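So that you can tell them apart, the chains are marked A, B and C in the order they are listed, and the count of residues begins at 1 in each.
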Amino acid sequence: MSGTYLGMPAFPEAAATATANGRLRANLTHATHTIRDKRAAAVGELTDWAALRAAGAAVKDRTLRHLDHYLTQAEEAVTAAGGTVHWAADAREANRIVTRLVRETGEREVVKVKSMATQEIGLNAALAGAGVRAYETDLAELIVQLGDDLPSHILVPAIHRNRQEIREIFTERMADWGRPAPVGLSDRPGELAEAARLHLREKFLRAKVGISGANFLVAETGTLVVVESEGNGRMCVTLPETLISVVGIEKVVPTWRDLEVYLQLLPRSSTAERMNPYTSTWTGTTDSDGPRAFHLVLLDNGRTDALADTVGRQALRCIRCSACLNVCPVYERAGGHAYGSAYPGPIGAILTPQLRGTTSEVDASLPYASSLCGACYEVCPVAIDIPEVLVHLRERVVQGGPATVRGQRTRLKPAKGHAAERAAMRAARWALDRPGVLRAGQRVAARTRRLHPGRLPGPGRAWTDTREVPAVPAESFRDWWRRTGGREDR
Amino acid sequence: MSSRDLVLGRIRRALADVPLTEEPADVHVPRDYLSTHAPADATEMLAEHLADYRALVHRTDAAGLPGLVADLLAARGAQTVVVPPGLPPEWLAAADAARVADAAETTARELDAVDSVVTGCALAIAETGTIVLDGSPDQGRRRITLVPDHHICVVRVPEQVVDSVPQALPRLAPARPLTWISGPSATSDIELSRVEGVHGPRTLEVVLLRG
Amino acid sequence: MRVALFVTCINDTLYPRTGRAVVSLLRRLGVEAEFPEAQSCCGQPQFNTGYRWETEPLVRRFAAAFAGFDYVVTPSGSCAAMVRDNYPRIGAKAAAEGRGEELTRAAEAVVPRTLELTEFLVDVLGVTDVGAYYPHRVTYHPTCHGLRMLGLGTKPKRLLDAVAGLDLVELPGAQECCGFGGTFSVKNAAVSAAMGADKARHIMGTGAQAVCTVDNSCQLHIGGTLARLGSPVRPVHLAEILASTDKEQW
């Protein structure tokens, strides 16, 4: 890994490599299984979970169907409370705005709260290009940054690292970024957390500019909400003089009251806690408490393309809890990097191809990165039917059709590389739509059944490398029925 | 065209399927979830849930409070304690630690040298084991409960305790900066197992003050 | 009550015994199932791979083949879920593309009448004890579409619990997908195989003689993996267990 998702191979190749990596598999299995049972217990505590989930989905649907209304309402409220609102159509523009705002303060460094939006737009690299050093302050983001690595999970970006690896990274790399790791650092999680505390303390205390995302933006009040555990978020939104928040346009919720739904759904789905240790809310600026300047950057970057798709739109309900990753058997084995995006796992497989399009090889392969087992939909706190959207996007890949790309309505051509499959699907449909042909095929297979090889050539090898081919029976059901009229028992 | 107009224009085109006559309120939001899960004793549940996430819970009455706070500070070896401007003076009447005022000009670095902080709270939520600070005079600026490593928070029970998140929100003012605290700072970033103690106060003591 | 058997293309071609077990079982319970020969495939492989247009003729065929029956019973959770969840979507999308309501009507005609076998037994016939005898140690793998899309819940297990002689052993990680996923098993063969290997390991760890499911498509994967690993555990469809009696074993 070297700090960029660009040029990643398609999912199947990356996943095959990851699946063969024993240590990675062990790390992911351990972590995801730990959280799965805890989540189930935390959710099980609330007898009205299904009703909360329905409300969570409905509030987001209301918001999305009237997004222009709520965004302008939020803009007005934030401005009235002393904040400044900026609009960014894409990643470049968002990076340009943030870079300019930082430079205007005269500062050369910023402290950052973990934020998916800034990860998505590659803000750190853009700031570095302008001579500004961005310090990640979330423990897992710190591990990733120090290790010159990429995030592989929404909530725990360093989930692919175990405690021994983290100890190594801290010991070897902390000195390059500031205070070195304590001498004799062990791999006990408590000691590793302490090392991060000491390393980052200096940066928090001198920071003049903080950069965050937000979990929610309340339209009626202009309030931003950041949900976190470590206190690094509080440090970044409280101590600096200037605070810049980059927030996806889908993060808006209509009312203050609506938070009662999400502040119950999110922590239990995410870290399996009744409530996360810290939640900060702020509305513009407050006299003599916290930053004197507050900038809100509203980010589109493909979200309106997803919004234009009436099936795919539901992906914008996502509150980034990561329950779908933790429960996904494919994610557990492939790891987050195989998804080639800041958004891995099932939600990434439906979000990334909508935000970036389906033209690159990796993006076109993402909708297929699922066995459609449905575990993701079952745990999703805002009821995103991920399998439905996956199949919908598969259609877009192989059939093409209407889509919105960077705000422009267009008609996509079928993706390349599916010609043989398309021909096979067409042939299969032709045969299946003619039971006589189907019967003839079954009879040929039955007559030649002793000749079938155990290992198939070509695409069939993908099956027979690890699995036996079933024996073809002497007589199909159809022939048996015709012969006996269903009258013959055993 | 400004980016604002560009993005809003994209949104309006994307929502071509939404009838022009549809109002936001026309999109039904079912609110048949519970406003409370009806704990038998909210204060008891608060104490239990705070303790679950490693907050230290103490109980006392008005007469016992000054002595308890003094003991907690002394047990910690606190030499200095930051005091919000509106903290009832009697809460610290028995404490030896030197008072540090919550002043606008105090820097984060200066706060980092302070041992402890004592505050009240806006309210507490039983179901989630949460205390909420809203910057009122007995709680002070956000950073005084963030930088020192030891936070003692006094909750008046039962009057400041609500059952649930839905009961908490209407009692809080969105315009004020809020900090919701559920236990000491923690992380699940190492192998998705929770460990306490990162950047926020590593020791959170909650005093349940019976009126 | 007219009942049609939708045997599914995979059972028709590779697992005819499962179809025959359903016919035998239903006959024992007093139901003479018919087999409309115009049936073929529900279209799931095409649809789930993204070829919705190739699926549409199969939706029409399904609706025409099963017109006039009170129930369409199928020994496959996955195919039942395809009809019930996806046929209405196919209809809605065709309508949105300006191609009328024909597919929607086709879907509406079959969706409420199409039932997976255990639903038909428990919900329509109202039986859980079907008088079966199967003297083997068996573990049960709830297949994903039956479990999550149809919500079969405890129905298969209640049926198994009532089978005389059967020793049902708990499968660790039972609710985790076996890794088949149709074309997923070849498009993402490495991950699919890894999932299959873990499932097989859990199955072998139970000491069961047979692994039971309500879906032979998953059995294709589970059985193929077990066989490659040299395991003696047999994949068996629930219908074959339920059809077994002290007089004849399937």
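For this structure, a couple of remarks:
Simple rule for what comes next: a residue touches a chain if its C-beta (ideal position, glycine included) is under 8 Å from a C-beta of that chain, and two chains touch if they have at least 3 such contacts.
This is a predicted model, so every value here is computed, not measured.
When chain centres are set by their Cα atoms, the one at the greatest distance from chain B is C.
Simply put, of A-C and A-B, more C-beta pairs touch at A-B. Chain B and chain C have Cα centroids lying 52 Å from one another.
Inter-chain spacing, taken between the CA centroids of chain A and chain C, is 32 Å. A straight line joining the Cα centres of chain A and chain B is 29 Å long. Here chain A touches chain B in the complex through residues 27, 30-32, 34-35, 46-48, 51-52, 54-55, 58-59, 61-62, 65-72, 81, 86-89, 93, 137-140, 143, 155-156, 158-159, 162-163, 166, 189-190, 192-194, 196-197, 200-201, 204-206, 218, 221, 223, 229-232, 234-235, 238-239, 249, 254, 256-257, 259-261, 263-264, 267, 271, 273-283, 286, 288-290, 298, 300, 304-305, 307-308, 310, 326, 404, 407, 409, going by the rule given at the top. Every residue of chain B that touches chain A in the complex is listed here, in rising order: 2-4, 6-18, 22-24, 27-34, 37, 49, 52-53, 104, 107-109, 112, 125, 127-130, 135, 141-143, 146-147, 165-166, 168-170, 174-201.
Across the interface of their complex, chain C is touched by residues 11-12, 15-16, 19-20, 25, 329-330, 333-334, 367-375, 377-378, 388, 391, 393-399, 421-422, 425-426, 428-429, 432-433, 435, 438, 442, 445, 459-460, 462-463, 465-470, 472-473, 475-478, 480-482, 486, 489-490 of chain A. On the chain C side of its complex with chain A, the touching residues are 7, 9, 11-17, 19-20, 23-24, 27, 33-35, 37-41, 43, 45-55, 57-58, 61, 86, 89, 144-145, 147-149, 175-177, 179-197, 220-221, 223-225, 227-228, 248, 250.
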